[in-house]
Amino acid sequence: MSGNTLGTLFAVTNFGESHGPAIGCVIDGCPPGMALSEADIQHDLDRRRPGTSRHVTQRQEPDQVQILSGVYQGMTTGAPIALLIQNTDQRSQDYSDILQTFRPGHADYTYLQKYGVRDPRGGGRSSARLTAPTVAAGAVAKKWLLEKFGTTFKGCMTQLGEHPIGFEDWSHVPHNPFYAPVADVSHLENYMDSLRKAGDSCGARIRVVAQHMPVGLGQPIYDRLDADIAFAMMGLNAVKGVEVGAGFASVAQRGSTHGDSLSPEGFEGNNAGGVLGGISTGQDLEVSIAIKPTSSIMTPRDTINSDGTATQVQTKGRHDPCVGIRATPIAEALLALVVMDHALRHRAQCGDVVMPLSPIPAHRGG
Amino acid sequence: MSGNTLGTLFAVTNFGESHGPAIGCVIDGCPPGMALSEADIQHDLDRRRPGTSRHVTQRQEPDQVQILSGVYQGMTTGAPIALLIQNTDQRSQDYSDILQTFRPGHADYTYLQKYGVRDPRGGGRSSARLTAPTVAAGAVAKKWLLEKFGTTFKGCMTQLGEHPIGFEDWSHVPHNPFYAPVADVSHLENYMDSLRKAGDSCGARIRVVAQHMPVGLGQPIYDRLDADIAFAMMGLNAVKGVEVGAGFASVAQRGSTHGDSLSPEGFEGNNAGGVLGGISTGQDLEVSIAIKPTSSIMTPRDTINSDGTATQVQTKGRHDPCVGIRATPIAEALLALVVMDHALRHRAQCGDVVMPLSPIPAHRGG
Amino acid sequence: MSGNTLGTLFAVTNFGESHGPAIGCVIDGCPPGMALSEADIQHDLDRRRPGTSRHVTQRQEPDQVQILSGVYQGMTTGAPIALLIQNTDQRSQDYSDILQTFRPGHADYTYLQKYGVRDPRGGGRSSARLTAPTVAAGAVAKKWLLEKFGTTFKGCMTQLGEHPIGFEDWSHVPHNPFYAPVADVSHLENYMDSLRKAGDSCGARIRVVAQHMPVGLGQPIYDRLDADIAFAMMGLNAVKGVEVGAGFASVAQRGSTHGDSLSPEGFEGNNAGGVLGGISTGQDLEVSIAIKPTSSIMTPRDTINSDGTATQVQTKGRHDPCVGIRATPIAEALLALVVMDHALRHRAQCGDVVMPLSPIPAHRGG
Amino acid sequence: MSGNTLGTLFAVTNFGESHGPAIGCVIDGCPPGMALSEADIQHDLDRRRPGTSRHVTQRQEPDQVQILSGVYQGMTTGAPIALLIQNTDQRSQDYSDILQTFRPGHADYTYLQKYGVRDPRGGGRSSARLTAPTVAAGAVAKKWLLEKFGTTFKGCMTQLGEHPIGFEDWSHVPHNPFYAPVADVSHLENYMDSLRKAGDSCGARIRVVAQHMPVGLGQPIYDRLDADIAFAMMGLNAVKGVEVGAGFASVAQRGSTHGDSLSPEGFEGNNAGGVLGGISTGQDLEVSIAIKPTSSIMTPRDTINSDGTATQVQTKGRHDPCVGIRATPIAEALLALVVMDHALRHRAQCGDVVMPLSPIPAHRGG
């Protein structure tokens, strides 16, 4: 399989460039008989949309999704679902100087060397804009998983630059532009304002969770549930690290504390992050990702020209000073897509298995 | 594709259980015309082999590999290469009590619930023993990549439990049982001895590197080179986190420092870890993984019986007190397999591309 | 992989329904650097288009293709190429009676039983209209193969109903509505006219050929070049049989005549149809397919209602009295897609092989 | 995916060469909880085995299968099932002259040109011996399909060289070496004896059937059930043609006769061969294949040397004068593997669909 498809059975093929006529995806393998309309998808697209606060890119894109196929009379038919999003805010611009230099931290150099050509308009294929179809497909997966298993997905920011963000309550997340689970985000706003003034950017850490998970998803060797989660998350632009459960903290743990003990009331902890031996336990999936600072900054950087001589580059235009700010709904979508795919894979092979035990309650403290 | 195959074009299908007659793999898609013998593979298998120091499991397995197919007169033919490793040290044992309880941190529970049955002998399919075929396949990939591009792979331990391990020199790695890049490992030996006496286990952090990388490997959306690295690493038993380049440290970095600037002499740093936009830059691939503490420990743990009642479990038998100790050659193999697969994928699509620029030197400070 | 993608490396994902807003496909894996415009694709679409003679459906669809992505400044970039064709001639109609009965020979019954729902509008997903995106993708493959290897594709009708069609010359093919390689098609026109008057339909036999083939394409076991050809052809609506080379005639041949002997001037025949051991010989690929008579006919047929009671059904509307008439460009496209995919697969694995011999001339009599 | 795997979810990866140490396969994706032993597999292997009559190769191979993994206490566990068959009758021989010439109709030339090297021993990878693992895997699929749906597979020869074989009764098939459904095969024996004396070979036509099929298997576009059947059959050595249902005869049929009408008692015919719109109807799957005459014959043939000069080649050794004679169990296995894979794929996507109608009886005349 070529590189632009995510998933084996719930397979999402992504297409488009930032400043082409349209972007979108084809979802192949969606179960038939599920009610689906554009409104079901639009909500998550709106959460990802640019231009909604002063802390993100000011590009104005309605990101209106259109269902081209696979739905008849408001119901999925089992045929591929093609989703289309028109690009409406492509400013015409002279890209010839961008074609001459390589922005540090950017894909300019690698695209050119790999393909021999590159589409420089707004980042072309490497633009974060291409996460919109992923979010749209994720909304379809979320809907099916909610109806089938009651599974829900949510995420929040846990660090912005050098500022860790404590956890107060999930209810705060929709009420600030950072997806921060805290009531007061003024220090984060001040931080972003000063960063923007400095012409610089910062990274972020995002936590994403699946709750009410079915037990038994994942394949033990290679195609583990956590392996596919890591794949999907690291496949998101700017992600440099992925953790499941205790993650890197598990290095310094002892076996006697890391392994989540069990009682008749359930698991006594969730260091596992909801996966043991590559298979879901029914506990919450707990995933954390590291997002690097945006590469496109106003600060001049040393680089070279396409003829190999030294020069400097300074990015103008509308860029997110922290791409992590809009990453939460994308990470949720990716997690949902992985769970969806494994749910279908699981019933393909194990559809006749009668689970020997009642599922253990997810987490005593949960 | 079912779950036990790694790779798209250099596809490794793994089979076997810890105490079955044999384990092994089939490598499909290996280029023809490469000299290959069992000796080329055995070296890495010996590095992974148990029983080589007091700090690892005392199970004695020669792990002798046999090439069953795909090689004629010492040369790969392009046909699938089947590799077989006989299991020789399966102690007969009564597993009925293990079948009754679920070891905390273990795959016992998830296997049973997923499949309805499980093979309890020595961990069955979830045993770390099943990494041997991966190491064997990795040796084939390493050989091809070395001959084709000069690419080399190496790894070392960078943390053992709560003890960070500084970097002195790669040359120390083969001379201690920990793959530690330091001359004196006595503190690590003492730490492991005390841990073993305490009947407990610890985690580890492993760094793995590919050098002399070709430029241009990876697909920008979904099938990024770093995404497939994360997939392969998180698919290894006990891994709970994966980083590429600056990893989680990039969260607190600024864009003005994270993005590796370029000069005519090359990249000025490697926060990218050798990947930009999902595509290899030619810099070293830098990957770091977190390995959780071994779940099978002598310390009694709270758990439940298969009828749901509370009980305790204590693992006897021959187990690694830190599975991370033998993980370095496995992580190297996984990295090699991912690079190999992407090397073939790259030339499938881009075999006619003449790279517009001479590759930038990998890293000034290299 | 889900079911609507053709090809492994040159992967075409098809979407749409006959009377939905649009149909199309995403081509993933196209090599970068090839000049490509809509005009390059439109030619083959026009050859497949309905409404061009009185012998095909009178539905009027311009089938205008739009490239949504993957092309920048007239050049493929290596990113997915999304192709969109708007549906413009969907007549509104009451489908409730169609939903109640199952047309003999049609997919009505199987779609309903498989998916629980079906889109009845114009055949929905089972409409022959869905071959248009395949033809469009095939045009891209043809262009690349022509530029890279000089490979060309052509096809013709060799039988219409009970009338075998002799071979006079390829030059006649574009000058009659049947793709017949003969100067005079009046008997075919009369036959079709009488069939249409009788409210009945007939089958056809189509021959499709690839010339100037590269040597070495195909995998010997399972993924043979001829196996993938058979897969692609049998995957076309209404196809009930596929032959390569001598096909079913080879049953009655002797080994001493079937096996094409070789001389310094080349192969002495082409019973092989261009494939030996699953791998292309460099001779012409010779493929023949059987297309069943159209199921939608004006003649009343016995069938049952969705409640299981006996009834009759008679199809109205605009249908091809012989779907084989428009099948030639589709079969060419399918052949091109298979060859394209195997060309990429071949160089992935065997890109370093220097062919030991000069290729044998394709066919002495050729 | 590389080329030696058949199936998406029930994925069989084949390895080995005719005269290497062993041949075999890995079955990935088998549902857990099915009783399985070597005896369940051996029966079909024995039906395919050489040396059982004077009309097939005299090579003596016990073809004893060994299950290496995936079965615990006689039950499939859901882990990959590795099957191994030792090669025991490899006669040592000088292959240097075979390496110099290309047998007409053989894969000698294409293997050499594709891979640059080839294993000439007994045909290497292109030997019909490599169908044994397919037959073994097919036996596993057959067992599951029988237990799950009651589906059964059978096949017979319908033509030997120029001699069509009428159908008397299935019960005759196991009682003659040709799998002929007739009581008296003396004319076939005489024909084969004269052919062998003449140093020549002939082709055959094989019919294979699946009965008690589940409704709804297959994907409408590209991955149709019949497309995958055609793929699997054409992927078998020496097959040059595949038909489903009426096959090539459908070309001359009218729509009013081809389309199988329906009554409350069931389908009135089976021109469809059990597939409509790519999806199984529940009728018998009816497949027919053309097998070319064996290429390795005692009659001298014109060919060229590896230096391009003209020469003659005459095959010695133990070869089947009609490879079609042993093809029936192989074709059954391939059909079972395709049905198995689609059964798993179907429940992955449509596992929640409640079939709107009771399945129509398969065939009134059946």
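Think of it as A, B, C and D in the order they're written, each chain with its own count starting at 1.
Methods note: a contact is a pair of C-beta atoms (placed from the backbone, for glycine too) under 8 Å apart; a residue touches a chain by one contact, two chains touch by 3 or more.
All of these numbers come straight from a predicted model, not from anything done at the bench.
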By the touch rule set out at the top, what is the minimum number of steps from subunit A to subunit C?
1
Measuring centre to centre with C-alpha atoms, which chain is farthest from subunit B?
C
Using mean CA coordinates as chain centres, what's the gap between subunit B and subunit D in Å?
38
In angstrom, rounded to a whole number, how far apart do the mean CA points of subunit C and subunit D lie?
25
Any idea how many Å lie between the Cα centroids of subunit B and subunit C?
45
Multi-chain contact sites of subunit D, meaning residues that touch two or more partners:
1-5, 8-9, 14, 29, 32-33, 78-79, 114-116, 125, 220, 345, 349-350, 353
Contact set on subunit D toward subunit A in their complex:
1, 9, 29-33, 78-79, 148, 220, 344-345, 347-353
Could you list, by residue number, the parts of subunit A that touch subunit C in their complex?
1-5, 8-11, 13-17, 20-24, 26, 28-29, 32-33, 66, 68-70, 72, 75, 77-82, 84, 114-119, 121, 124-125
Sites on subunit A touched by subunit B in the complex
1-6, 8, 14, 102-107, 109-116, 125-126, 130, 159, 161-162, 195, 200-205, 215-224, 226-235, 237, 240-256, 258-264, 268, 271-273, 275-281, 290-297, 299, 301-304, 306, 308-310, 324, 345-346, 349-350, 353-360
